[in-house]
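For reference, the structure I am asking about is given below.
Which chain is which? They are A, B, C, D and E, in the order written, and residues in each are numbered from 1.
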Amino acid sequence: ADLLVAQAANFMPAMKEIIPVFEQQTGLEVDATYTSTGKLYGQIVNGAPFDVFLAADQRRPDKLFADGLCSEPFVYAKGQIVLWSLNPQLCKGDWTKAAQHTDAVKVAIANVENAPYGNAAMVAMQKAEIWDAMQSRLVFGQNIAQVFQYASTGAADAGFCAYSSVFTEQGQKGCFVEIPQAPDVIQAACILNSAPHSEAAAKFVEFLATPEVAAIKAKYGYK
Amino acid sequence: MSLNASIRKRLPHFELNVELCCAPGRLTALVGPSGAGKTTLVRLLAGLERPDQGVITMGDAVWVDTTRRRFVPTRKRGLGLVFQDYCLFPHLSVRQNVAFAATQEHRVDELMERFGIHHLQHRKPSAISGGERQRAAFCQALARNPSLLLLDEPFSALDAATREALRKELKDLKTSLDIPVIHVTHDLAEARYLGDTILPVVSGRVAPDWLERQYVPFLNTSDTLPEPS
Amino acid sequence: MSLNASIRKRLPHFELNVELCCAPGRLTALVGPSGAGKTTLVRLLAGLERPDQGVITMGDAVWVDTTRRRFVPTRKRGLGLVFQDYCLFPHLSVRQNVAFAATQEHRVDELMERFGIHHLQHRKPSAISGGERQRAAFCQALARNPSLLLLDEPFSALDAATREALRKELKDLKTSLDIPVIHVTHDLAEARYLGDTILPVVSGRVAPDWLERQYVPFLNTSDTLPEPS
Amino acid sequence: MDWSPLLLSAKLALLTTVLIPVAAAPLAYMLAFFRFPGKSLLDAFITLPMVLPPTVLGFGLLVCFGPNAFLGASWEQLFGQRLVFSFSAIVLASLIFNLPFAVQPMRASFEKLDSRLLESASILGLSRTAAFFRVVLPNCLGGLAAASILVFAHSLGEFGVILMVGGSIPGETKVASIAIFEAVEALRYDDAFRMSALLVPVSFVVLLIINRINQRDQ
Amino acid sequence: MDWSPLLLSAKLALLTTVLIPVAAAPLAYMLAFFRFPGKSLLDAFITLPMVLPPTVLGFGLLVCFGPNAFLGASWEQLFGQRLVFSFSAIVLASLIFNLPFAVQPMRASFEKLDSRLLESASILGLSRTAAFFRVVLPNCLGGLAAASILVFAHSLGEFGVILMVGGSIPGETKVASIAIFEAVEALRYDDAFRMSALLVPVSFVVLLIINRINQRDQ
């Protein structure tokens, strides 16, 4: 490949559309790997050969920048979490009720330490003062994609998913409720100093600012 | 007892066809050249080998009949069997081996006493000599009161004295046991001493003339008889 | 050749102490009761067993000396050995077994011919009879031109005719081989026929009187000699 | 430090090692000594969890254990509890993916058994079942020990399948291997190191014990 | 469909299966037939990767392979390439975690060898090395086959260690087990299914071939 992007799991649905467009325009071949932001950060610190890092928070790109591992980070998207379920019963009314509904035996959430979306869900529950009560129902995914997997297979009755996943084909099959208490997830990106393909990386970052990308991001609910 | 069986895997050149008339308390000695099928015959009688085709009857009972798809499994044939390379259960002591399928406890001691291995009863089979092992195998086979005793060269690992003692033992035993005994041996003298009937088998068939051809007792050709040093 | 060794694991009650004077081309027959330590002696000579304490010399060479921590490994002793329960290499054909350590190819055929197993040369050891296996083992041991031949009851699995033929073979061989042969047997007649020297061993020691006590040839007690049926 | 992942791992490994012979020994016996139609299919089917990437197996189990699948639904009916994401689920998963690791060494040692021993047993009148308990098992302790080493080790270390069906619930399904993974990924190297430092000697001791049993048998 | 994960997995499994006997056979031979001080320690040390959770092992290797550790630094000096997160790294890791799976069955089959065969070999004048190649190996094909089944299966299915030291770099370290995991997570079930559908029968065929070799040997 001519470019290797490490992306936070939540951005994957959008990236699936962004990459072909970029490839068509530049003729470059792009590979992407995704998992939680924290894991990608860990791999970068240990010398993983990525070019561009699309995180789900600002903290980790900032830290990389401070350590001299990447160029100056910039915000490329603002995301949100929602409570998603296959069960229509759970989408009637307030999210705190839905999360504590008797049908919601198991509720999936992303790892609160490594995945910013998991962290956002935790913050929302803490604000709503249901965090402690929810403990016995929570099931942890390694990243936001696994959370949606748990919810969409029905293994978990509901999941704190990325808003972007609601717009996927699977996401249409269920319902969701919004979570006003949840903070926006501000997502920053940067080019790694050790990037094996720095030119292509620069081109890709440039491309992220184009209207085409903005349209795709909007389609998946990013602000 | 009659046996008529072909088993191509082992005996491609001939088929076994032997009529054994062995009454309780009597011993039939089977002799014959190497490769005559003696061991195969014993294994067929024991049900350890299945004939490709054939019939094996024991008295009135049909043990094997390939045309009628009949096969009495080994364990239901009530046998005692001692092979030349018989192996005792390595995880059990000599005593436990003898007692393995014994019907009465006192018989175990009695047999071990009789075969001179009582003092070895707590050893593992790997820690006794070949001859001692063979005697233990004998005890094991007898301890379950079999209704037919099959012996395939059971004395081959023994020195002359022990062998002679065991032969005497067996001769006494066979009447007290009151079961038919079939004894394969390559020692004609032994066959003559023990057998009520001697059955020479060559290429799977009873061949009385073979016996006559053999009758040049080896010991008489004592052209060199050095003195003990 | 002298052997003075104690090996408590196998022989707790006595120690072996045997002086063997075996010239090239001559055969020493070792006889003795079961458990006398004959097999142990052979295994010690072959280096398959290490004595707890003792000295084994072969001519001028010291093979084992526990006080001087000397131990010549088996493979350097240049032996031919046939055990009663010798096992051939199961992954090789009879021919490959014989040729395994052979020095000359033509000798392989010659030996198999001589021992009457040439027609079985392409079979695996598992598909030949006990006697055939023993003959193959014999060929294997001889094919490497050993400088000492050790035989531990090598004829026990054979029928009388084959055994007699092999004995004759061995008798012819031993002069043409021109190496010392040590032959353990429990058959006194065999010992007398083959042995240039007969060495009776009882409890690990040479015991000439044992031989005399044995000298009641079994065949003469033919109280029952039934006719072949 | 949080001890619960280590305790969970130990519980899981012990339970699996104790329960698995019930299923594995009869299967190994059948495969070693019987001939029946479909034997090679059964053989391959049992070996499947060994060649499947744990993630494939894990996903399959995730679906089967879920409340919408037959197995998961029946479990909920029977025990009144959700199966998926529970400790029972990881024990079940552990039993399934360990089956070939138990069956293969057992079977190998059964097959290596001197056939004369089984012949002796049948001559002495033992049925096949009796022969299994009185002759086969005591002579195959080495194979059984090998099987338990493998199973114990595997259930202690299993990661992929449990990652899929467990859901990393602290005190319920977050076993040591997952806790260490999460700690490393979060760059909490000291935590990862401490847990490993405990797990390694414990595994070592278990290994030595099993090896000792194994040797005594020989 | 993207073939590279499948090709990578096949490459990894084959390389591991081919390379591992070089290290495993001598170790198994030593453990089976020699007595030396520290033998039980060596034994336990070799078995360690088997009992360690893959994540613990992966963590250890990640640290060793990193550019700041001795191994990682030397590698970079020698080959001018970063070791960690490279294909070489996952091959190395695969060799290490597969070692016990190769050594144990080999050793078991060496130990089960009829001791009379080795006695025969030494009587016939063979050195220990010659006896190994001419007598031990040909009579232990079953054990070798068992070892290769285990190793092949393991390197095909391994997930935890490779995830830790390899990351998930497409075309370099994203092997099938990881690709399937990600496909399932990303709800690309068709991709996951297609890859599994290819992986399973291929593994199956390899299994059957090895089983055939195994049986012929018996």
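Observations, loosely collected:
Here, a residue touches a chain if its C-beta (ideal position, glycine included) is under 8 Å from a C-beta of that chain, and two chains touch if they have at least 3 such contacts.
Predicted model, so just to flag it, every value in this text is computed and none were measured.
The chains touching chain B as well as chain C do not exist; no chain touches both.
Summarising the inter-chain contacts, the pair of chains with the most C-beta pairs in contact is D-E. Between chain A and chain D, the centres computed from C-alpha atoms are 36 Å apart. Annotation: 81 Å between the Cα-based centres of chain A and chain B.
Rounded to whole angstrom, the centroid-to-centroid distance between chain C and chain D, based on C-alpha atoms, equals 51 Å.
Note: centroid distance chain B to chain D, computed from Cα atoms, is 46 Å. Of all residues in chain E, those touching 2 or more other chains are 62, 184, listed in ascending order.
Under the contact definition stated at the top, the residues of chain C that touch 2 or more other chains are 85.
Of all residues in chain A, none touches two or more other chains. Chain pairs recorded as touching, per the definition above, are A-D, A-E, B-C, B-D, C-E, D-E.
Those residues of chain B that touch chain C in the complex are listed here as 31-36, 39, 84-85, 127, 129-132, 153, 156-164, 186-189, 192-193, 195-200, 208, 211-212, 214, 217-219, 221-222, 224-226, 228-229. Chain contact summary for the complex, chain E toward chain D: residues 40, 43-44, 47-48, 50-56, 58-60, 62, 104-105, 108, 111-112, 142, 146, 149-150, 152-153, 156-157, 159-160, 164, 176-178, 180-181, 184, 192, 196, 199-200, 203-204, 206-208, 211, 218. Across the interface of their complex, chain C is touched by residues 114, 116-117, 119-127, 134-135, 138-139 of chain E. The touching residues of chain E, when paired with chain A in their complex, are 62, 66-67, 82, 84-85, 167-171, 174, 182, 184-187. Taken in their complex, chain C has these residues touching chain E: 46-48, 73-76, 78-81, 83, 85-92, 100-101, 140-141, 144.
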